[in-house]
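Shown below is the structure under consideration.
Labels for the chains are A, B, C and D, by order of writing; each one numbers its residues from 1.
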């Protein structure tokens, strides 16, 4: 993992000034480390560069990193023009996981955000569709348990 | 909003158990989903999706089971595209282990995945025919689909759930006798597919029900993250087989099928052309199968995995399927995230029902290829009289509700 | 008992997915297609639960689907029979132990015939239905009803 | 125009035989190596429990071999795996991880039953009872 600007791959050029670091995930995915407040800006910059039909939002992965006290959120974006996957990676604190919603810029983030809220309790500010029991059975959701957290005990 | 609701005179609830592979914890791939459609007269004014009936807690379960047990668990996320799920997960494991399967195994994996695409596309096209009221075509297509199921049985040992892919290779090999049998089956299937293709292109009923229905523009496709045949029918050339060139797709010749129209008919025709491409890939593989070992000794595979993470994609019959696997060492994965294509294709397209007639809703939904076996019944609520009644999807499609 | 006799000649199936992976669903669908043709035995898919005699349940029961399954079962006319299809339907299969599952169908409603397999072949589903018809021939009461009688 | 292919099809179908397989009067063709029920051959089993550990749905339980059977010496703990066919997903992981290749695989799929079925009888039938020949030879057995 390095923050050397010389190593910034071509595909990340539009968000160069927001980067905190760059890494590579197998097999050959470019990972851009960002502040949690910069994710929407980064997506907008990528969209401005590659165009509305030049990229699409693919997957949102939220992972509970219990030992570090953080929840990691990865946004996977497929840049069709460069034929490359870009991962916007950010961390939010585990006891108050809040992040701005990407819904306005990418409607495709809807199911991913709803799921991350229901299963891990990440709050996406500005997403009106968040609700518990989207997927989780009411019995579990009613107790305030987020099943994918490592200490959920289910 | 309130004004709008007061104008609404009919509320249609569709608890169709459409199988969305909704992925979160992933409910099964095919999830029963409830789409509530608010209609004004015959026209839809608002639609909402409710999900969770099929949420089986797979992602949590995957963290509790070992890496190898998860191969079989992932295969059971979706019964229809099971080999694709297993392949995606296994390739993630192979990236973590830094292991490369032998070329023969790569070809065999590709063969199984293409057979799966064939049977899945045939199923959804048959169901499309059934939903628009062409039952005979449904029965005929299902009859010929049995040939492909037979082919799958010959290769993998089971008609549906393949359980064929293992870290470092596949679990069964082909011999010349089996290859001959497969070639015969492919030769039988091809004229049938061409016949059905022609029926779809020329039949009056199908054309009336499918052409110009559920049109999507390329910008809608990318902004809403739609995948697979749905995206390709609108002119977006997205195909993981090309993006990632996994397994044997780097060596096997194939083409990405796209169309420009973006309506239900275009999606059906894209599927037909893809079946043609799949047949060609299968034939190429059977003719050019490399020699060597393909079956690893499962007793000698490493039990413990190193630390690492991998994100793999695969082109499932319904679109791009992604797996994220993270290992912190040991025998269990730390995180497995599954995002299935129907998850995007069904939930994100809910707003696009607005403006269509109620009878078109099932036809549009079928063209997104949710898993239809579960689309069972809908409830019609007449909000003036407050009466609810349940009708079948087919009656609804025929306008009898 | 007289009603059981009537059902014997032409039992109608109702198929319900309670959280299956669709593997069993497509095999149930395949079992009603021309190659297997259960209409030879008078078996056909009923359009609504209220016309059905045999409820074919595929998949392990998720907690959300369990209430729906119970309601459906109550809406069926007597006498009613239940066939659980697939490893998940029989016992929860590979999904047992998850927080979202109740597991097997028999945890929710009484089951008359189990069809193991993952997924069972269409022939296996036909075999199960034939076995159930044999049971009817002998005049066995459905399990669900017998239990209700015992309770009363 | 559109009528032509359908008309041809109709004529063809009128003169063709029905596609239906007359099950159960007629056996349906099943591949000889299709994955059907499997059970442990106790003359080879060493009671190592690996299949139980690896089984994805945890369908295998290790049980004590009852009295009166001649147990091979290698099976020191005198235990054997019992497969619960209601839980089994027929993935054959147990078959492939077995260190002594003790599992017997068949293509038997007609397992429907109204009471739980498992492999206890089948497995025990592969062992000699004190002073008797083992009752081998089940339908469609092919060994790996």
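Convention: a residue touches a chain if its C-beta (ideal position, glycine included) is under 8 Å from a C-beta of that chain, and two chains touch if they have at least 3 such contacts.
For clarity, every value in this text was computed on a predicted model and none was experimentally measured.
Peer 1: For subunit B and subunit D, which third chains touch each of them?
Peer 2: C
Peer 1: If you tally the C-beta contacts for B-C and for A-C, which one comes out higher?
Peer 2: The comparison resolves to B-C.
Peer 1: Measure off the straight-line distance from the CA centroid of subunit A to the CA centroid of subunit B, and report it in whole Å.
Peer 2: 25
Peer 1: Between subunit A and subunit D, what is the gap in Å from one C-alpha centre to the other?
Peer 2: Roughly 46 Å, centre to centre.
Peer 1: List, in ascending order, every residue of subunit D touching at least 2 other chains.
Peer 2: Counting only residues that touch two or more other chains, subunit D contributes 19, 30, 56, 89-91.
Peer 1: I need the residues of subunit A touching at least two other chains; which ones are they?
Peer 2: 136-137, 147, 154
Peer 1: Provide the list of subunit C residues touching at least two other chains, using ranges where the numbers run on.
Peer 2: As it turns out, subunit C has residues touching two or more other chains at 34-35, 62, 64, 93-94, 97, 99-100, 118, 121.
Peer 1: Going by the touch rule set out above, what shape does the chain contact graph take here: line, ring, star, complete or other?
Peer 2: Chain contacts: none of line, ring, star or complete; other.
Peer 1: Which of the residues in subunit B end up touching subunit D in this complex?
Peer 2: Residues 65-66, 68-69, 72-73, 75-76, 143, 153-154, 157-158, 161, 163, 171-172, 195, 198-199, 202-204, 298-299 of subunit B touch subunit D in their complex.
Peer 1: Which residues of subunit C touch subunit B in the complex?
Peer 2: 15-17, 19-30, 33-35, 47-48, 59-60, 62, 64-65, 68, 93-95, 97-101, 118-119, 121
Peer 1: How about subunit A: which of its residues touch subunit B in the complex?
Peer 2: 25-27, 29, 52-59, 61, 63-64, 74, 76, 78, 80, 83, 85, 87, 106-112, 115, 118-119, 133-137, 147-148, 152, 154
Peer 1: Inside the complex, what are the residues of subunit C that reach subunit A?
Peer 2: Per the touch definition, subunit C meets subunit A at residues 62-64, 99-100.
Peer 1: In the complex formed with subunit C, which residues of subunit D make contact?
Peer 2: Touch list, subunit D to subunit C: 18-24, 28, 30, 56-59, 84-91, 109-114, 116-117.
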